[in-house]
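There are structures below to look over.
Common to both upcoming complexes is chain A, partnered first by chain B, then by chain C.
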Partner chain A sequence: MNLQQYNISENNFEQCIKCTVCTVYCPVIPVNPKYPGPKQAGPDGERFRLKDPDYFDVSLKYCLNCKRCEVACPSGVRIGDIIQMARIKYSHSRPKLRDRLLANTDFVGQLSTKVAPVVNFSLGLTPVKSVMDAVLGIDHRRTFPEYASQTFEHWFNQREIKKKQSAFKRHVSYFHGCYVNYNYPQLGKDLVKLMNAVGFGVHLLEKERCCGVALISNGLIEQARKQGAQNMAAIRKSVLDEKRPVIATSSTCVFTIRDEYPHLLGLDNSDIRQFTELATRFLYRLIERNEVKLVFKEDYKQKIVYHTPCHMEKLGWSVYSTSLLKMIPGVDFRMLPSQCCGIAGTYGFKSENYETSQGIGQSLFDDIGQSEADFVATDCETCKWQIEMSTFVPVMNPISILAEALDEEATMEANKEFCK
Partner chain B sequence: MNDKDKKEYDVIIIGGGATGAGTARDCSMRGLSVLLLERFDYTSGATGRNHGLLHSGARYAVNDMESASECIKENMVLKKIASHCVEDTSGLFITLPEDDLSYQNKFIDSCLAAGIKAEAIDPKDAIRMEPSVNKSLQGAVVVPDGSVDPFRLTIANILDANAHGARTLVFHEVTGFIREQDRIVGVKVFDHKQKEQKSFYGKVIVNAAGIWGHHIAELAGVNISMYPAKGALLIFGHRVNNVVLNRCRKAGDADILVPGDMICVIGTTSSHVSYDEIDNMYVTSSEVELLLREGEKLAPSLSTTRILRAYAGVRPLVASDDDPTGRNISRGIVLLDHEQRDGLSGFITITGGKLMTYRLMAEWATDLVCKKLNNNKECETATTPLPGSRGVKEETEYSEVIPVNIQRTERYRHGELAAQIAKEDKFDHSLVCECENVTVGEVNYAFQELAADTLTALRRRTRIGMGTCQGELCACRAAGLLSHVHQCSNRAKEELSSFLNERWKGMYPIAWGDCLRESQLAAWIYNSVCGLSDYNRKEERKDAV
Partner chain C sequence: MRYDVVIIGGGLSGLTCGIRLQEAGKNCAIISTGQSALHFSSGAFDFLNKLPDGTRVMHPLDAIKRLGGNHPYRKIGEEKIREYVADVQDWFGKSGIVLHGDVEKNHYCLSPIGIIKSAWLSFDDFEPLETADAFPYKRVAVANFAGFIDFYPRFIADALAEKGVECRIEILNIPAVEKLRTNPTEMRSANIARVFDSEAQLENVLTLINDLSEEVDAVILPAVLGLSSVYPLEYIRKYSEKPVFFISPVPPSVPGIRVQKRLQERFVELGGTFFLGDTVEKAFFDGDTVIGITTNNHSDIQFYAEQYVLASGSFFSKGIISRSNEIYEPVLNADVEYDSQRDNWFCKNVFDVQPYMSYGVKTDTGFHPLRDGVPVRNMFAIGSVLSGYNPLEEGCGSGVAILTALHVANTILISD
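Take a look at the complex of A and B:
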């Protein structure tokens, strides 16, 4: 008889002991009274929904999916997942055109990069913004990330760059994500430069699709599952067949593949999960094992503050990024208090969320404004958009900072011994 | 003594369970002047300690046709007159590999003969209908089972009795009878709140005290042989099933799983207890094990689902007069006219029966009262809806200011009476109980309109403290509101302390895993942060002096 031998039932919400600490850490509650908070929306609400699905509360849409409640929970309740699953299972409202446009980052990206100058110019025009607000519900006060004229994949697939990669002894695959591909290929180029310098050849996955985080948060679950399955197949090929671990520069892409795939999309990733990680963690652990060395320029001097994205908090990985930054001799480093910036991917783009979004990030913006930092370092692209729009302080990914501060020649030399 | 106490009532009813409340309603609707006396709070006996199953009667069909047909009739009546206390979930009688599948045909035939709709369905359809059911089932029969909230059902009867002029008193314990030769003319009562003796006079006294009716009859000088049968049950933290699950076999232990409100309940066991134990029911570890072992067969996920608490009630079974050993015990209704039976006039007893047949029991008792008082008015309780079930659930729009789920739960619990709950102030719709969505407005409504005078009474009226936290967050908030009502914070602290101890009593038999963690957190909050243990110690010192 196995009766009550296992405390963990399928319904993880039963482990909630109502300590309410999640509610204290929720960034939405202080700025949006319509949101009932993670305890009410998650474990408490789930009991009602099990009784009668009509108890699904539309105000659950105000959840950012930042997962800070899960980080705070001492009982291991996956509060954020419960709320996301409730939205997936019980919501009657179908995704609007706006949600589909925001969610399909790779489809929209493909179109936009082809005519990037026109798109970038138009998205900056006040009349265009007003029309988008009125017709689609995308807030007119929001600044759009610019689209690049040439995608990262296009740049990478140029003969000489791709060819060069097979000359290395050690190899990784790079999950670049939509942002690097369509908006900011420079980050991808920085990663290739950095990895090549430490003796790793960089490869693309056979077929990379958007990780699907925006599809999940906009309720397009079937499409997310389909894309997730395609990514899993590509990652499996890289990790299991080609023995190439997969690294990424976007904390959200990694978080989605590692945690949201099994928890929300029902995709089992147990065989490849530990080989899919953030580039900074990958590098730091190699340095710690003495398998990689980084040599930095003597004259690099910057004052940097680091912002912890919510999904980095959930992954528990900001320590890897910040430790690498602290290795640069000329860096004056300060850690900002860990808090949500308010953008939460596509959330902050929606007109109905704009006030909440900016309200959540206000104290962070104030802190950055007073910091006199040269720039903010962070691992998340949407945090970057939010902070740059709200503070005018430039934001850089730690990988780009490392690439800029790197003494490329000396690093190559230092890593030669590992590449024999 | 006020004027009301001096008057002679047509009928005095002893007992504030479903039967007493139902009799008070029926008598008052027929124009009689009524006094109801309850020694504690309403529903503190067997009425509040059962499955909350709205029987279709199918369970009794094979062995007790009479009870079965009473059940199905009352089932259909309650769905009409008490719609806000009833959930029409429907029920399944499943045959497992260890059961005899041939019993199914006999079962269906008996159900149909008793007037119960019973239809065999494909086991695959049963799994679709109720995904939590044991997947190895061999057969399934659908019957019109449901669930009923006995607390709100009883209060609705009290409210309607009051609306028809009945006087109902809680914490009034009958301590003796006033006799004039062979006639009972009144009762002696101890008022626990005012700590004083009182006397009330009535033409007919109805003993509706359930299992305690044995003692009441003794006070009147007559003998009823009650046979106390204890039944233990377990409450799980949330609904595992949305359809009532039964075993299709001869009725046995722990073979009914009922989804009730936010939770589900597995039960029951059945064991004889001696009469002096009935005021102190506890659940043993072997009962818990039995309930889990059998419950798991109905719905396997029960074995990993968090248990909220365990409780036990006593069935008021009556050994028939020619069988004092109690071997042939009927679960049917027992109405005793002590004038005919014992030569004692002015005194009748209504007992036996089930929660399901409370209204019919009340009708029988009232018919006899009316016969004695030469009242010819017909019974209307089967057709007149109770307060709360008088409609307008769907029509009224939800207010936009208050979260919809709060309004939805208020309507679920109080029907159209939810409109009486104060909503004007923001404070009114702030939550007292977060697990069960009980607002300050609802708590104050229960204090003012539903005769809730203690935290336990408040729990029965509103479900405060019945959720997963078992009082951890809500009890102190509710005690704060209670202190405003009584204008006394000491009394509220005593209430808080006894309420939490009562919650712990139910958690104790199943205190492991998350339940234990939660109770430890609650104990830490109340003892260390709120200083309740210091308060108790001080009280003890005072007592010692």
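Take a look at the complex of A and C:
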């Protein structure tokens, strides 16, 4: 008999030295005493679960998967992954209709865009919200992101825009994500404007599916794995065959594809991982290498505070977005203390989590409320919903800010030398 | 990414160095895998409590000359150290960290099990005692929050009884703290501290303390107040009818976390960039010069700097790592001081002096780490990654972290 087989997990829980540091930084513990915390739910619990799966504790569902525990752990234990894997392996509860609806962002998006005015109108109605709360368990106090009447893909595929892209010498593919496609195509348009100005043609992947983050958190693993595999095939085609790196504007999509695919879905992405990244990081690298130049309008003046989304904190990449923002001469910039806003994707939409969700974000909302900022910059769409709902200060993606502040003519001129 | 100085490790030594450099106008980045050993602090900075031969030290600066030549303090030199410590309390004050004590002379404080032990500079929570032989109060209530198992009132009461103090053990029942017991594993110091961020809860605890203090001269509480500010401490001190003494429970240490937060905030306020949750993987060399480093999160986008500082801690923080038959330093593969015989690394009796505690990176007298005996020209090593001292036995961990950091910052600034 192999004694080790019951003690070694795929994740590295054995690295835990029981220092309890992670428990200090979990945003759920202070607001929800039912949650056992990262150490107990993660490495400590794993030891028991390996002996007997009955030790699985349903309260693991309160984990936001924010990974802030991992960022704090001095031993590099993948605590968040251990917890999510345990939910995947041991949870017997079948996802409810509500969870399926929230998780299938692209399916629901497709339906909703077709009838956007009606959906937006009815999602805003109090009686509709009450029914959703009572029947589905989607909290009635939430404001819903609006659905656009034309998807980003539809806009992009108009002949003149798509055709224009092949005229460039340098090329990227854009993983737009569900949010840009169904809710906020403007961000995608801003990205195209910015990349075109610096001399890059923008292309869509052959077939993009939702990255699957919401499927994972709602327990729809098989579907997530299937979509993940489809995305990887599309990314491989772009990166390996067409030599087009893939960029995105959502920190969560990028994080999911780069880290959750291999860690939680068992999809090996080692050949393409380094070519799938955030647009701000892609641009930062080229600016540092002197292969891209950004020229900004003289008269752009804004007071901006930056909020670090949890997955951005885990990626460690906020430095790229904030460095680019700081390059705009008229920007008065301040970094907000890094903390969770509480929404965690679809988590905050569920009635049972509403109080926890708002409690977690409260100090952030207070800080933003007092900041007198013109707007908040952040790289995550769900953070945007949460902050706009809870503070009334508008939130923008750094790419949109850059596109707005950009002197398009001058930038095109400045990048001509790189495009020969 | 280009900085003037890149510091590897964001514990006490890395932050002290980074703050000093930022104050002088340098642009620094600190990259840190995770949180630091400050989370385990007993609540004081120790400078030197004992000499390696076991002699107790009361005047630590005078004792420097009695240390071996390889000790970091000897490499800095007594004169320089006197210069650095002269304003060290004011300097930490600028980060909002109040340190009690006198830099010339160790004082006493209560250990987690009520033993009176020496310390150099104590955090705001802990009031220094004048002597080791007596506790200034005759009748004391040792109070604990119901269900908090990381604090040992019985040990404390027994230890104080030996000093002739009459002790009563009291339990504080506060509903908001009770709620934490829903999950016994999360009934921990930092979570209790968060409850008392609310003024209403502070009032509750104050009422309980005042109720039980009628028949005693002082009250002892676990040091779980004030995770991000000292306001809760000040509040209790101001309004309590009898003096309140705090004693550290088992880590995580609320006072230590507060110090870490304060230093980090100060570093960022001064314009420094702090990368938490990222690990420096490799340093690249041109001969004896570091030309860049790579990290886990930033992979092909490297960090470049004029000078680099290795402040990556000891075994606990993985600044040095042991394998079955070797001990190594993972970032630059610096030379490490250790016994080639594994059997000599530790003593079977855990209370004996443990040789491995003094293992660490070898440096020249200017704190340049050695690689194959050759000093790295533009890199320094500071804090607990260093060899040549035993922080546990000598009680000098924080002192070495702070002093080597200030000294290296000074060296970098002078070299301009």
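The rule is short, and it goes like this: the second predicted complex is superposed on the first by the 409 of 420 C-alpha atoms of A that agree within 3 Å, B and C clash if a C-alpha of one lies under 4 Å from a C-alpha of the other, contacts with A are read in each partner's own complex, and residues count from 1 in each chain.
In the analysis below, a contact is a pair of C-beta atoms (placed from the backbone, for glycine too) under 8 Å apart; a residue touches a chain by one contact, two chains touch by 3 or more.
Please read all numbers here as calculations on a predicted model, not as lab measurements.
Trainee: So, does A:Q186 touch the first partner chain B, the second partner chain C, both, or neither?
Mentor: Neither chain B nor chain C is touched by A:Q186.
Trainee: With both complexes superposed on chain A, which partner does A:G76 reach: first (chain B), second (chain C), both or neither?
Mentor: Only chain C is touched by A:G76; chain B is not.
Trainee: Does chain B (first) or chain C (second) touch A:P30, or do both, or does neither?
Mentor: second
Trainee: When the two structures are overlaid on chain A, which partner does A:Q230 contact: first (chain B), second (chain C), both, or neither?
Mentor: A:Q230: touches no partner chain.
Trainee: A:S351 contacts which: chain B (first), chain C (second), both, neither?
Mentor: neither
Trainee: Could you look at A:S91 and tell me whether it touches chain B, chain C, both or neither (first, second, both, neither)?
Mentor: neither
Trainee: Considering only touches as defined above, state whether A:Y55 meets chain B (first), chain C (second), both or neither.
Mentor: first
Trainee: Please work out whether A:R47 is in contact with chain B alone, chain C alone, both, or neither, and reply first, second, both or neither.
Mentor: first
Trainee: Contacts for A:S371 in the overlay, against chain B (first) and chain C (second): which applies, first, second, both or neither?
Mentor: After superposing on A, A:S371 lies clear of both chain B and chain C.
Trainee: Overlap the chain B and chain C contact sets on chain A and report the shared residues.
Mentor: 17, 19-20, 36, 39-40, 44, 75
Trainee: Please name which positions on chain A make contact with chain C in the complex.
Mentor: Spelled out, the residues of chain A in touch with chain C are 17, 19-21, 23-25, 29-30, 33-37, 39-40, 44, 70-76, 274, 281, 284-285, 288, 313-317, 319, 335.
Trainee: Taking the complex as given, what residues does chain A use to touch chain B?
Mentor: Residues 1-11, 14-20, 36, 39-40, 43-48, 50-51, 54-55, 57, 59, 75 of chain A touch chain B in their complex.
Trainee: Taking the complex as given, what residues does chain C use to touch chain A?
Mentor: Touch residues, chain C against chain A: 1, 33-36, 39-40, 179-180, 182-183, 185-186, 188, 190-191, 194, 251-252, 257, 268, 273, 275-279, 295, 297-301, 316-318.
Trainee: Which stretch or stretches of chain B touch chain A in the complex?
Mentor: Going by the criterion above, the answer is residues 237-239, 242, 259, 261-262, 289, 292-293, 296, 301, 303-307, 403-405, 408-409, 434-435, 437, 467-469, 472-473, 512-514, 517-518, 521.
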